[in-house]
Structure formats: structure tokens, C-alpha cells
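Same chain, two partners: subunit A is paired with subunit B first, then with subunit C.
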Partner chain A sequence: MDMFLYYLKLSKHNLKRHKLFFTLMITTLAVGVAVLLANLAILRVMTSDPIPEKSDKIFSVNMNAWPEKDENISESLHILRYRDAMHILKSNIPTFSIAHYASQVYARNIESKSLTRFSAETRATTSDFFELTNAPFAFGGTWNNENSNDVVIGADLNQKLFGGINSVGKTIEIGKQIFRVVGVLKPWNLKPLFYHATERRAFNKTDDLYAPLETALTYNWGISARTSSTESFSDASDTRAKNVFYMQAFVQLENAQQKAQFQNYIDSYSQSLKDSGEHPFPINNKLYDVNQWLDKNKVVDQKILAFALATVLFLAVCIFNASSLLLARYHSAKFETGLRRAVGASKKNIFYQGAVESLIIGSCCAVLAIILGWAFLKFSLTLFPYLNDIASFDAKLMLLGIVIAVSTSFISALYPLIQASNSSLSAQIK
Partner chain B sequence: MLNMQSISRIFKTDTIKTHALRDFNLNVKPGEFVSVTGPSGSGKSTFLNVAGLLDGFDGGSYELDGVNVKGLKDDELSRLRNEKIGFIFQSYNLIPDFNIFDNIDMPLRYRGFSAKERKRRIENALEQVGLASRHKYLPSQLSGGQQQRIAIARALAGEPKILLADEPTGNLDSLMARQVMELLHTLNEQGSTIIMVTHDPDQARSIKRNVQVIDGQITDMSIYAPLNNVALNKAHTA
Partner chain C sequence: MNIKALLKALLLRKFATCLLLLQLALTLGLVVNTILISLDTSKKINDPLMFDVQNLLAIELLPTSGEFKEQKFYQSITEQDLKMLKELDGVISTAQYNQLPIQNGGWNGNFKDENTPKDAISAKDLDYVPIFYSNKMGVENLGVEIIEGRALTKDDDMTAAYYAGKRDELQPNIVITQSLAKAVYPDESALGKLSNHGRIVGIAKDFMVNPRWQGRAKYFAVFGNFTFAQFDFTQNYVLRVEPGQINNVKKRVESTILAIHPERDILDVYSMNERHKEFFSQETGLSSLFTILCILMVMVTIVSNFAHAHFHMSQQRKYIGIRRALGATKRDIILYVFSENWLMSLFACILGIGTTIIINILLSQVITMEKPDILLYFMAVSIIFISGTLATWLPAYKTTKISPVVATHTL
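== the complex of A and B ==
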């Protein structure tokens, strides 16, 4: 401990003595670490597992039931017809199964004197949605009847309509219909939004309002997502009986056996459609777990990946530069090193002293890197505005920044330190 | 105290092999004051580097205070240097931006002494060299002679078995050189073993035992008359 304190004292002295040199070195390393951190902040959001506790048990159901021969359709589709989705929901193999589509409505607190209607991103879905996605309820729960006028609202909409209170039992008006709030969610950030990772929506916020699928169709709530059809349709309610592909389905399967059973279930369904001449394709249904689904949809921006590689290389250049600077400094400090060795410092002593110095440099570098990294992140988000609300500098990233800064400082000092502690003694002092 | 038998030190380049020391034998007893003289390039500094464990040797044996140094690891050599040897360099080798106290403190730190013990030793050493009140000064605030006294205090603070001085008066004017030599003689009288490399034959003559090195070998081991003031004065006013 005594020696550690002595090394600290010497390092502090050296830092004061060579202010310009150390400023240059710390800045060099800090810029490299900061750029990497800013990039990691974005990359981490993109590559994170949105539901790690069961991402390997939730599957996006992809089927090929397109009724016409079409050269553009070679793979199974993630968008399904109403009747295909209903067939999936009918199965009792999955623990939970849901179908959904995205919509948008305008909602108003019926008791409010104001006539203002708030725009609400809406998920028309089935009641298992909340259990399958682990949506966090603040108050109440899901609906019991798929044809009811019951809805669940998100924290933001609850704030806008009811000031954030427990609004379970309150009523809202949507398109001249009265709906009852049966559940209110806590603030919910799902990154990426795996249940709607297509159409570049993976980094959208979670929805404001969740309503029963049947009710949404009955009231003809519009479809705000990719829709493909072989027949014309005028209203959402028409889609129940027509070849309109727009719904997405997810199931929760607990093990390989359950998965195999369900695969068999949907394959049998597709085969029966094929046998009855409803589609011409070979049976090629797919079940993608959450991470496979995010990979398939290329949620990680390729530009970001390329940038990540560039930032790692940039950091390597910074380390190399810092190392060169240190080598020059140790060369100029040969006299002091030689003297210390002559009066009894071992190679280890010299090495440890340098290591403590690199620890201090690393700490200074970490502070600067976190500040610069935050600034670089803000700048980077101007290039990726859809990540604005979710890419952030949190405690974990700051801790990582400190570890990287201290490590890079040590790495850059390693070669110069080895050189310094191994240099010939007798040549250095007279 | 110091016993070298058939020491050889060879420096090699791609094409040249230089025998800096060859069949070098020297035995120094406790309390002796030995001067080492010889022309430039004769091997004096190489001898001092080997004696001070700053450099290795290629053949022979070397015992320092009963410890055979051959084959010792860096840690062990460093500990020996720290505990048994005090260096006095021609250029003083004080760290310019450390004050006197911190300069003398340096070898004591590597010995692991407590703060109290270090302070006691530093104060004693400064008193021995007559600069007790200067511990807050920077080296640049002292004269050359005073700086060399500080360097001697640094060597003394560890209470070494032997002092190795490499032309300690080489950078000093005659008055200061005399003061430093007087200090070294006093230390020797108090029991310190000293080996001093010097170019100055008069200075060497002021020391009882002289070793002359030529071409890496000891060629003469003269014992002069006991130290007297006439010889010392002559040596330092020359």
C-alpha cells in the first residue's frame, strides 16, 4: 500500500511536470474511446435482446399461403390472412399465441370538457399479447372478451387522457364508440420492437393503445402496415373473408417438442390448403425465434456495423499514437529510470510505477471519453433519428467506458514500459 | 567486503569483441578507502558498474558482503544494490524537480521503511553532510558542492556497507572538490568502506590504497603513506 501511494505521488508529479504531453496523450486516447462508446451505445440498442428471459421461446409464424403463382414470392410470408391467423390462434399447442395488426386511432377522455382527441398508435391484437410480450401493467390487466369494447392503454396516453392516474374503469371515445379502460401499462421500452420488426419499425415506441382484434375489425380500424392482397377490399372488416395478407402472428413454445408439434400443425394446415388448390407452393412454413427474426429483418443497420469496425480501427490508431508518445517520454526519462534502478528499484518497481501512471491516465481518459462520447452520441443520432429516444449513455455504458479507457491506457503503456524497465542500467547514468 | 576473482567483462558487436575487464582481481576489506585510477577507456567505469551491480560480468566470481552475486535475479540484485551499496556519481544525479528530502527519500522508499524511519535517516544523513537545514530546497537552489553533498547524503541514508564513487569531484571546482574529499575521508574514518574512481593522481595519492587499471586489468596496487593534511591539501589545490 505504501508503495502504491508512492507511485501515485510520483505519477501526480509526472503529470504536473509534463502537462502538455499528458494532455495530448489523454485526449488522443479519449477521442478514440469516445467514438467507440458512442457507436456502442447505438449498436447495443440494435443488437440487444428485447426479451432475454424467453426470446428463444417466442416465434414469429411465417407461412406461404399466397393463392397465386408469383415469382416474387419465394419464401414464406410473415403477413397472414385473417383466416390463417385464426387457425393459428385455434391451436392449443402454444402456451400463448397472438395475432395483431397496427392501426391508428384518435382517443378522447369522455369525461373531459375538452374535445381534443389524441392520436394513438394502436395495436389490434388478442388478449395473450401482454403475457407473450411480458408487457408491464401498472393497473388492471387484459380484456376477457375478444369482441368487447375494452382497451389497454400505454403510460403516455394515460398521461395525456387522465393525467397518469389509475384510469381502469374510465371510458374513452374512439370514432364515436365508447371504450372502457381495463388496463394501463407502465412506461414500456421494448428495444427492438420485435413484434413489429418489419417495415423499419423495430425502433418505434411501443403502442399507445391495445384493443381486441375482432373489435378493431368490426369498427373498421385502418391497417397501418404492409398489406398484400389478391382481392380488393374496402374496409378492415372485409378482410376477414378475403385474401388480404396483413396480420402478424407470434406463438410461445416452451420446448423443441412443442415447437415440432406446432410446426406440424401449421404444415398440415398449409398442406390442406394446397390439396384444395388454394396455393401452388411447396410447404415451407418457418418459425423464427425473436433473435432470428430480428436478424432476418436486418434490424442492425449495416452502416452502423461498418462504422463500428471503423471506430475499433480508429481506437487502435489512437493506442498506437499514445504508445509512440509514451515511448518518446520514457526515452527522455531514461536518466530518472536508470537512477531509480541504481538506488534499488527493481524492474518490477519500474513497471508497477508505470502501471499506476497508466491507471491515472486511464481514469482521466475515462472522464473525458464519457463527456466526448455523450457529445458524439448526440451528433450520431442526427444520422439515425429513429434511435433518438432509446440510444443513451447509461451507467453500464459509462462503466464499460471506464474499463476500455483504463485498458487502452495500459495497453498503450505496455510496450514503452517493458522497454523502460529492461533498458541497460550502466549506460544511463554517469 | 568486496571480493572479485578473475572477473571478465566482454562487450560484443557484430564484428568486434572488446575485453573491458580481464582477469580482474580485487579484494576490499571493511573500512578501506580505495581509489581506482587509470586512463580513459581502461575499464574503471566498467569495474565500478560491475561492482555496483549495474552491469553483469561474463566470467569469474564476485562476492559482496559475503553474497555471491553470480546468477542472482533482478529482484535480488536490486535489493543488494539498495541495502549494501551507496552510489556517488560525478553528475550528482539528483532529480531536479524533487526537493532534497524527496531525492534522499528515493532509495529508502524501495527498502520499505516506515515514514518515521525514513525521516530519521534523511535527517541524520543531511546532518552528516552538513546540510541539515536544506531539506526543502530544490537541487538548483544549491551549489555544485552542496548538490554532491546531497548525493552523498542519499548514498549514506540507506546505511550501505560500501560507497562507490565515480569521479565525485569531476564536476566541481577545487574548493568544492576539497570539501567533498574531506567529507569522504571523514566518512571513511567513521568506518565507511569507499571505492572511488578518479582521474586525478594527486587525489588518488591522498588515499591510502590505490588501484590502477590498464586495459581492463589491475596493474598496480600501491599503498600510500597514511593520509595527512599536506597530501590532501596538495591534492585539492593542484
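== the complex of A and C ==
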């Protein structure tokens, strides 16, 4: 311990003596770490598993049921027809199965004196949606009847409509229809939004309103995501009987056997379509688990990934720079090192002293890197406003920053230190 | 200049020299690729739009009341909106659109001649042709000319027939763009032909519809005269205004619309120019990030160059002193220091070819990258040479101060 304190004192003295030199070195290292850190703040959320407890059990169902051969769509698609989705829901192989589509409505608290309607991102889905996605309920629960006017609302909308109280049993008006709130969710932060990872929506907020699929279709709530069709349709309810592809289906399958059974189930459905001449392409149905699905949809912004690559290179350059600076410093301190060796310091001692010095440099660098990293992240967000909700500069990231800063400082000091501590004693004191 | 002596001197500090070389090579690689990204971005942004982008104001809105489910009501409000907006000072014309040019995704359909055999394979870009529904002003309002045939008129309005449930019997008149006409009817005039979207009565001059698509598909568009009034579908209005009037008109848009019927959510009001900027914001963002990183990297390299020269010179004080004592002039010494830096830069340039290519390959795994060319490489090389020379200036100047007497100190 005494030695450690002595080394600390010695390093402090050194740092003070070569102020410009160490400032240059710490600043360049800190800038390198900061840029990387700002990037990690974004990438960490983008690459995270949104539902780690069962991401390997939830599957996006993709089918290639396009009924016409003259189109260029032969690969399997995540968008399905109403009837395909219904067939999936009918199966009792999965633990939970859901179908959904994205919509948008305007809702008003019926008791409110104000006529203002609040925009609500809407998920028209089936009642198992909440079980499958582990959506957290604050009050109430899901609906029991797929044709009822019962809805579940998110925390944000509950705040806007009812001031955040337990609003179960309250009524809201949407497009002249009356709906009853049966459930209210807690604030639900799901990133990436695996249940709708397509159409650049992977980092959208979770929905404001969840309504039974059949009810939404009956009231013609518009489809606000990718819709492809081989025939024209006039409104949402019209899509039940037509070749309109827009619905997404997810299933929860507990093991490989269940997965194989379910694959078989959808394949034989496709075969039956083929037999009736409605399936011109070879059957190619796919089940992607959550992480495969996010990979397939490239939810990690490729531009940020490209920049991450550049920041790693930049950090490497900063380390090289620090390393060559240190090497030069140890060279110029040869005499001093020789003297310390002559009065009894071992090679080990010299090395430890250098390591303590690099620890101090690393710590200074960490503090600066966290400040600069935060600033750089703020700046990046002005260039990419859509990342605002994605980036998070939290304690974990700061810790990571400290680890990176200290280790880069140590890496850059390693070779110069070995060199310095290995110099022969006789050469120095000559 | 004795290159051999220089090399020997550099070899004295193998590790530091290698580090600096690697650093210079990496910087070179990044500079070249950053220039590539920036050039590509500016090429995309400067792709001519060929419509009146400077003088268009767009409004996105949605009705919030169930009343608008009644199509006739919705349509009459739309008509009133457009009429009142047109009366605003500085507004030349107005029209509603189901979608706007310069966007991702959108309302697209396949486009073919009605007599195309069912099993014929069409070009892939003809499967996603943007379909615009607007009023008779639709094309002109964007500042796009009709170059053949005629514009749509009020007699071409298919709204009434569509909502009367006769959509399957409809054979509306449509206007298509030049590129689309050429793609579907390469050897003959498209005028008068019957397509799966209706009869072609006019051909509009090409304009930029989707800048992210490749080649001719950028300019594909079909226009029909149809007031699409669906309660839950975002309505777009575009106002063509007199030059310089965008901001004046913008201020009055919201109140004008809400005065006609308040139960609407005005989602956004912006100029077409802003839309274009916003469309490429990610590309410009990325190229700014790369440029900043590049500047930082060049700065770090300058620090390294400076430090390298500085410490190398202090290490060689004795030799320089001897050289001075043996008759080398100050000029010779300065040249010696610079030559060392230039030699380093030269080696780095050779290594840099490799790093440039590697970085380019790595980046193109995640984003589309152009291939680097020689001219760009020389541009980057000159940046490295200039920054290296600047960084060496001070140490070089200092070495001239080394007096020949130094030579005698340690002998």
C-alpha cells in the first residue's frame, strides 16, 4: 500500500512536470473513447433483446401465400391475409398465438367537457397479445370477446384521457362509437418493438390503444402499415374476404418439437391452397424467433454500424498516438529510470510505477471521455433526431466508458513500459 | 539527401515509426472513404428534382371526428379547404393528394397495358409504380408540364362513380410520366392506350418521385382525378405559392383549415424543400459524423507527427550538432527534418492503399459505398502531406537552433 501511495505521488509529480505532454495524450485518448461511447449509447439499445425471457420461443410467422404468379413476390412475407391469420389462430399447437395490424384512431373521454380528441397509435389484435408480449398491466386485463367494444389503453393515453387514474370501466369515444376500457398498461418500454419491427417501426413507442381485431375491422379502422393486394378493396372490413396482405402473426412455441409441429401445420395449410390452385410458388413458410426476426429486418441502423466501425478505427489511432507519445516520454526519462534502478528499484517496481501512472491517466481520460461522449451523443442526436428515444447514456454505459478508458490507457502504456523497465542498468548510468 | 541515413534514423525507433505509419495509413483510409460518403450524399441531394420544389407548401392532416366517415361530407370539406386556401394571398393553386413525391414506400401499384398476357413477366420496377390521386390540377400544381396530350379535366373526375360502387367498371382517364410511358410502350406513343389504371390521355414531363429508386423508376408516376376521402387516411394538401411567399402562407394555413371545420388534426405543415432535406437527413447526418471524425483523426495525426518529429529530434540532438559542426547549414537540417516526415508520409501512402481498400470493403458490408478512385486518393494523400509538414514545422525550426557546440558536449 505504501508503495502504491508512493507511486501515486511520483506519477502526480510526473504528470505535473510534463503538463502539455499528458494533456495532449489524455485528450486524444478521451476523444477516441468518447466517440466510441456515444456510438455505443445508440448501438446498445439497438442490438438489445427486447424480451430476453422468451425471445427464443416467440416466432414471427412468414408465409409465401401470394396467389398470383405474375408478380415478383415469391419469397415468404410477414404480411398475411385475414384468412391465413385466422388459420394460424385456430391451431392449438402454440401456447399463445396472435394476429395484429397497426392502425391509428382519435379517442376522447366521453365524460370530458373538452372536445379534444387524442391521437392514438393503435394495435388491432387478439386477446393473447398481452400474454405473448409480456405487456405489463397496471389495472384490469385483456378482453374476452373478439367482437366486443372493449379496449386496453397504454399509460400515455391513460394519462391524456383520464389523468393517469385506474380507468377500467370508463368509456371513450372513437369515430362516433363507444368503447369500454378493460385494461390499462404500465409504461411499457419495448425496444426494439419486435412485434412490429418492419417498415422502419422497430423503435417506435409501444401502442396507445389495443382493440379486438374483429371489432377494428368491423369499424373499418384503417391499416397504417405495409399493405399489398392483388385486388382492390374499399375499406378494412372488405379485407376479410380478399387477397389483401397486411396482418402479422406471432406464435409462442415452447420447444423444437412444438415448432416442428407448427411448421407442419402451416405447410399443410399451404399445401391445401396449392391443391386448390391458389399457391403458384413452391411452399416456403418460415418461423423466425425474435432475434432472428430483428436481424432479418436489420433493425440495427446500418449507418450507425458503419460509423461504429469508423469510431473503432479512430480509437485505434488514438491508442497508437498515446503509445508513441509515451514511448517518447520514457525515452526522454531514461536517465531518471536509470537512477531509480541504480538506487535499488527492480524492473518490476519500474513497471508497477508505470502501471499506476497509466491508471491515473486512464481515470482522467475516463472522466473527460464521459463528458465528451455525452456531448458527442447530444450532437449526434441533432443529426439523427429519430434516435432520440433509442440512445441512453446511463450508469452502465458510464461504467463501460471507465473500463474502456482505463484499459486503452493501459494498452497504450504497455509496450513503452516494457521497454522502459527492460533497459539495461549499465547503459543508463554510464 | 541521403535516404539511407534517414531510413537508419527511422529504424532507431522501430516501434514508434511503425505506430505512426499505421496511424497515417488508417487516417488516409478514413479520409478517402469519408470523401466518398460525402460526395455520394451531395450527389443524391443535388439530383435534379424537376418540379417546383421551391414554391410548394405541403400540409398533412387527419379528421378526428366520426362525421368525416360520411364520404360526401368529407369531400365537401376538402373542397372548401382547397378553395379557402387558394384565396390566401400569394397562393397560385391548390390540390389534394393521396401521397406526395419524395417519400419512402407509399401508394404503389403494378402498371401494364391492359392487353398484356396474364403470364407475362413484367420488369420489377413496373410492379411498384406510384399512383397519385388528386384533382384536375394535380400535375400542374406541382409545377410539372404536360408534354403530350392533355391535362386532366373535371370531366375526368372518377370520385362519384368510385363511391357509387362502380369501381370495377371504371375506366378513368389518366396522365403518366414520360419515363413510365417509355417503359411500358417503348416503341410507340402511349397516348390513347388503355392501361390497367385507365386510358392514357396525357404524358407529363418527368419529375423526381422517389429519389431512392434506381434509374428510370425514380420518375414513374400515374395521375388520376379522384378525391380520395377516407376517414383514417392522411390527407395531403399542396399549395403552389408565388416565389418567396412560403413563410407568409404557412402562418395562415392552420387557422384557415380549422375555421372551416375544427375537428381536424393538422399533423404537419412544411415546404417541399424541407421535405427534400428531411428525406436525406440520415445521409447528410452520416456524412457530417464521418467528416467530424475525419477532422479529429487528422488532428490526432498532427499531434503524433509533431510528437514524433519533436522527440526524434531531441533524441538526435547530438548527431545534428555533429552534422552542424561538420558544415551542414540550417537549411540542410530543416530539409533533413522535413524529409524524414515526407518519407514517413510516402511509406504511409503505400500502406494507405491497403487500408483504404479494407475500410471501403468493411463499410460496404453495412452501407452502399462507391469504390475509391485514384484522384480521391491523391486528394487524401495531399491532406496527409500538408498536415504532416505543418506539424513538423515547429520541431524543424527548433532543430536549427541546435548549436554545433552540442557536438562537443558529450564527446
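Going forward, the second predicted complex is superposed on the first by the 425 of 430 C-alpha atoms of A that agree within 3 Å, B and C clash if a C-alpha of one lies under 4 Å from a C-alpha of the other, contacts with A are read in each partner's own complex, and residues count from 1 in each chain.
Here is the rule we use: a contact is a pair of C-beta atoms (placed from the backbone, for glycine too) under 8 Å apart; a residue touches a chain by one contact, two chains touch by 3 or more.
All figures in this text were calculated on a predicted structure; none of them were measured in a lab.
Contacts of A:Ser380 after superposition: subunit C is touched, whereas subunit B is not reached.
With both structures placed on the common chain, the touch criterion links A:Tyr106 to subunit C but leaves subunit B unconnected. With both structures placed on the common chain, the touch criterion links A:Arg44 to neither subunit B nor subunit C.
By the touch criterion stated above, A:Lys274 is placed in contact with neither subunit B nor subunit C. When the two structures are aligned on the shared chain, A:Trp221 is found in touch with subunit C, with no touch to subunit B. Legend: residue contacts after superposition of the two complexes on their common chain; A:Ser232 is shown touching subunit C, with no touch to subunit B. When both complexes are overlaid on chain A, the residue A:Phe314 reaches subunit C alone and has no touch with subunit B. Between subunit B and subunit C, more residues of subunit A are touched by C.
With both structures placed on the common chain, the touch criterion links A:Met3 to subunit B but leaves subunit C unconnected. In the superposition on chain A, A:Leu305 makes contact with subunit C only, not with subunit B. On the subunit A side of its complex with subunit B, the touching residues are 2-3, 6, 13, 17, 335-336, 339-349, 424-426, 429-430.
Contact residues on subunit A toward subunit C in their complex (touch as defined above): 24, 28, 31-32, 35, 69-72, 103-106, 115, 117, 119, 174-177, 199-200, 220-222, 224, 226, 232, 234-235, 302-303, 305-307, 309-311, 313-314, 316-318, 320-321, 323-325, 327-328, 331-332, 380, 383-385, 415, 419.
Taken in their complex, subunit B has these residues touching subunit A: 45-46, 49, 52, 54-55, 74-75, 78-79, 81-83, 87, 89-91, 93, 95, 97-98, 106-107, 109-112, 154, 158, 166. The touching residues of subunit C, when paired with subunit A in their complex, are 13, 15-16, 19-20, 22-23, 26-27, 29-30, 33, 62, 64-67, 69, 104-105, 110, 118-122, 124, 127, 167-168, 230-233, 263, 265, 281-282, 284-286, 288-290, 293, 296-297, 300-301, 303-304, 307-308, 310-311, 314-315, 359, 362-363, 366-367.
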